[in-house]
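Common to both upcoming complexes is chain A, partnered first by chain B, then by chain C.
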Partner chain A sequence: MGAMTVDRADGRSANQLRPLACSRNILHRAHGSARWSQGDTIVLAAVYGPKAGTKKGENPEKASIEVIWKPKTGQIGKLEKEYEMILKRTLQSVCLMTIHPNTTTSIIVQVFGDDGALLPCAINASCAALVDAGIPLKHLAVAICCGLTEGGSVILDPTRAEEQKIQAFAYLVFPNSPLSVLPSAPSAEDDAPIENGIITSVTHGVMPVVEYFNCLERGRAACAKISEFHRRSLESQVPVVARKQTFEVLWWPHTLTAWPEFHGFACNLSEADVLTVACCCMDMPRT
Partner chain B sequence: MAASSTSGSGRDIGGSGGGLAAGEMEVEAYRRLFPLPFYERHLLDSVRPDARPLHRARDTSIALGPVASADGSALVKIGDTTMLAAIKLEVMTPSADAPDEGSLAIEFHMPPICSPIVRPGRPAEVAPVISKQLSDVIVSSGMINLKELSLISGKAAWMAYLDIYCLNADGSLFDAALLSAISSFSHLQIPLVSLSDDGRVVAVPGDLLEDKSTPELVNKERKLLLHSIPFSLTCILHKKYILADPTAEEESIMETSITVVLDSSERLVSIYKPGGSVLAHTSTVKDCIVLTKHRMKELQNILEDSLSAMEVV
Partner chain C sequence: MNAETSDAPPTSLVDRTVVPGDTVLDLTAMANQTIKLGAGLRQDCDTISVMKAGKLRLSKPNKYWVESSHKRYVPCVQDTVLGIVVDCKPDNFLVDIKAPTLAFLPVLAFEGGTRRNIPKFETGTLLYVRVVKANNSMNPELSCMDETGKAAEFGQLKDGYMFETSTGLSRMLLGSPTCPVLEALGKKLSYEIAVGLNGRVWVNASSASTVILTSMRGSLSAHISQLRPDVSLSAARMACNPNKTWWLLVMNHPNLLLL
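Now for the complex of A and B:
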């Protein structure tokens, strides 16, 4: 990492992300909402549902997910349609679709600012909003944008100006690492840990095959950091009492040093929140 | 009754009414009722219901020049998936920031005839997404040097309208659409043009070419030079299995798909995996890239064969 010095306009190192911020439960009429920002890329996601019934053509034996993308200005075009589809398929893979059959959950994504890595930011925002709405999830999806510069070095979380200059970039989505309260015996049969699996990969531009795997590795490492941020942000917005009641087994580290401040809202804990925490217990910190 | 319920399988089993073996009917019913166990039973034996091994793509054919009125066209079939691509060239004024470049406009259409899922009056959801993917891949692969589409710097350049019509959507739509796009570009014949007296670009009719009075031609090259042609392969991931070139039935039953696009110098143009319940590990991605390399060789041969067949005729 030290050998590869990349000049970035904002003075970041190649592996450095922009400051992350996440606040949840900011819309009162939505069932769940979250605002996620990475530098000047800001996305607001709202979740409505599960509402009764599925649309025509969807499988009524499962829950269905609908994504509506609202760009900052103007109407949606092909690019936004593609984003909608990728977001929908990505969220489908993290939600437990069989719990509420024949229902539709709508996710409305409003773009506030686009300064690069827009789709990863929207995926992170939607995930936080789903947690806020108490939608049952298998795990969180954590998204990152990896760029490949002309010189062949990988930079993480590029800004819009960087995105336009670089040779190629990849949007990668990984599951967050599960940290179960149960001893990790059942996963012994599978050799690869789940956080190594790719949920979504979208690339743009030509790159050598080795560079893609390089991007994967860097992206995976960065996603571990983002998912830790996710966890801490969840943790900070749930009253301590509830946590202790639900999971006394867990050990909570209190090393909140390097993270930017969250704009957290003190929320009154509802049943949905407890359920959400229960669903996210898989990814509570252990180290 | 039987015929209507098995219309997707491509076999006429209800035609003769009572002439159907009871055993076969049970298999068809099982396939309809429990599609996933039906497939998994096949996958255990490393074979698919259409008798293909897991890694084999369906038979592929390319017919060049089916549309006489277009400047370049191709009809591509991968199994039952059929794509018709046609290019129409028009003269336009290039934009001020790229005065000596032509441009491309790529559109992918899914008319209601292509699939029972697409209904009249309601555009298919995937059509704009595939359209976007196609133009991303074709533009970013650098297959076409847009400077070659220039006629007179700052004054006139070609605008290439590529329209791809899906005639039968039986899975792996992107692969077939991309193959039809590159085939139609290799078939493309650029019309010869000259400047008229009032400074406009006009096409020169073929029979005037030998005539002495013909004004000077603006362009001489009639073929577009394709640099590094992108080829793609879509695979379905299901548990530990990788199924190359899925049919529509396989796509609907096993949802996780991954599309790898490589160019002829084996660089990666795109790895596209939009979600899906199966996670792709690094080894899986590597396997898919290897499969795509094999498929690329196959497709290169098929494309070369059809191009040389055209030259002989």
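Now for the complex of A and C:
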């Protein structure tokens, strides 16, 4: 794959993400809040709850999740409604819904800046806010946007300008890479580790199957880095508002510079790992 | 996938920061042991995994929990909390303890309580109570008696001032040995304090200025103490010096704390 030689306007390589920053507990009244930025895409998520009672139509034997999307300007349209839906489904599969039955948790997502990869940024922000609020979670969700350029190469975390030019993109959400005391050897043989599962996949545009799997593999490698960043940001428990906790990592994945030959469908994605696949307009011609 | 450096699995995650999804115990390796799980942990088949971010703690021999600080409270039996009466029903008082649902305080759960001497609490009354039933499918139940049926210190908190902090800070204030901040304050001032595990703190003293100082000191330590314990102690000393009151006022202003 000669995908390494992509010219990007901001001088990044194809697999390079924009600088990440995360600060938590920045709102006084919300029960949990987080501000997540990837370059100039900035999202603030606030979590309220769990509050007593569920809305009509929700299962009262489980907790329910409510997502409210606030765009930077104007009112919400179809696209934002779709984002709300995807975010809700994604968070539902991450949260343990049986711990606090008959309660509602509201997540309010305020967009501060949109410079591409908005939904993945919002997913990362809401996940950080849920952790801050102490909502019981199965694992963290880590999201990434992979784009397929006109030239047929895959780029990670595209900016808005790049997003308008690319022919297709995929929003991929993976579980974080957990620490474990279990001996890793036996589990790696028969079933793939948890971080190889996929929580959500949203694709848009026309993308050959081969490229989709290429996206999956790169996205997963990038998500391992983001989840490492997530963990590090949680480790430094600088309390409340004393100092804004901000971490900047600008990373260059060494592991990706020598990209292995792509081996078709031998991608280790087992069906059991696919928790929710929200495929909107998944139009993949058979190659 | 070699994106992360895969070293050998850590033998124990105790006292390390864990995030949701981490596996902290392998039950197959400890077949005939009893372990007790506290907040933030759950059993997932043969493993114990984490569901809240925080520090994993182990109290020898077998109690595990994840220590974290939140603005919401999850009721737990035997916790002492500060609740606010929201409504009075014939059988129960409905009390807000910052939990997902309102808690019930039976009208008979007082020392020597009978149908004839039901206490009268108005809406908004602050109570120091004990959680006796906590179950995620029912409202929590409270009591104003200790296990032996005595009133102990439970009941209404009159006068004073109540402020809200995080559960982590209230745990720190209750910790033993006595929190150095409270001790340092106690050497200079006399005050009464009631700390609820749900992140509410009530302070009372003979003069209003002492109440204000103590409570501001408490809420201020939320911001400083976890950063630098020595700073919070010196701030406590400053709080005792009346001339430095203005300094505390400045410090406590949330916008300035951001600086």
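As a convention for this text, the second predicted complex is superposed on the first by the 224 of 287 C-alpha atoms of A that agree within 3 Å, B and C clash if a C-alpha of one lies under 4 Å from a C-alpha of the other, contacts with A are read in each partner's own complex, and residues count from 1 in each chain.
Operating definition for what follows: a contact is a pair of C-beta atoms (placed from the backbone, for glycine too) under 8 Å apart; a residue touches a chain by one contact, two chains touch by 3 or more.
Everything quoted here is computed from the prediction, not taken from an experiment.
> Just chain B (first), just chain C (second), both, or neither: which does A:208 touch?
In the superposition, A:208 touches chain B alone.
> Examine A:99 and indicate which partner it touches, taking first as chain B and second as chain C; both and neither are also allowed.
second
> Just checking: does A:91 make contact with chain B only, chain C only, both, or neither of them? Give me first, second, both or neither.
The answer is first: A:91 touches chain B but not chain C.
> Classify the contacts of A:110 with the two partner chains as first (chain B alone), second (chain C alone), both, or neither.
In the superposed model, A:110 contacts neither chain B nor chain C.
> Residues of chain A touched: more by chain B or chain C?
So, of the two partners, C touches more residues of chain A.
> Could you say whether A:175 touches chain B, chain C, both of them, or neither, answering first, second, both or neither?
Both chain B and chain C are touched by A:175.
> Examine A:31 and indicate which partner it touches, taking first as chain B and second as chain C; both and neither are also allowed.
second
> On the A-aligned overlay, A:199 touches which partner chain: chain B = first, chain C = second, or both, or neither?
It touches chain B, and chain C stays clear.
> By the touch definition at the top of the document, which applies to A:149: first (chain B), second (chain C), both, or neither?
After superposition on chain A, A:149 lies in contact with neither partner.
> Counting contacts the way the document defines them, which residues of chain A are shared by the two interfaces, the one with chain B and the one with chain C?
The overlap between the chain B and chain C interfaces on chain A comprises residues 175, 194, 196.
> Note which residues of chain A are touching chain C in the complex, please.
For chain A paired with chain C, touching residues are 28, 30-32, 49-52, 96, 99-103, 131, 133-134, 136-140, 175-184, 193-196, 220-221, 224-225, 228, 230-231, 234-235, 237-244, 253, 255-256, 268.
> Can you check the complex and tell me which residues of chain A touch chain B?
57, 78-79, 81-82, 85-86, 88-93, 168, 170, 173, 175, 192, 194, 196-209, 211-213, 216
> Which residues, counting only chain C, touch chain A once they are in their complex?
So the residues of chain C in touch with chain A come to 1-4, 6, 9-13, 16-26, 40, 42, 47, 49, 51-53, 68-72, 74, 100-102, 136-137, 166, 168, 222-224, 226-227, 254, 257-258.
> Which part of chain B faces chain A closely enough to touch in the complex?
Those in contact with chain A are residues 117, 125-126, 128-129, 131-133, 136, 140-142, 256, 258, 263, 266-277, 279-283, 285, 289.
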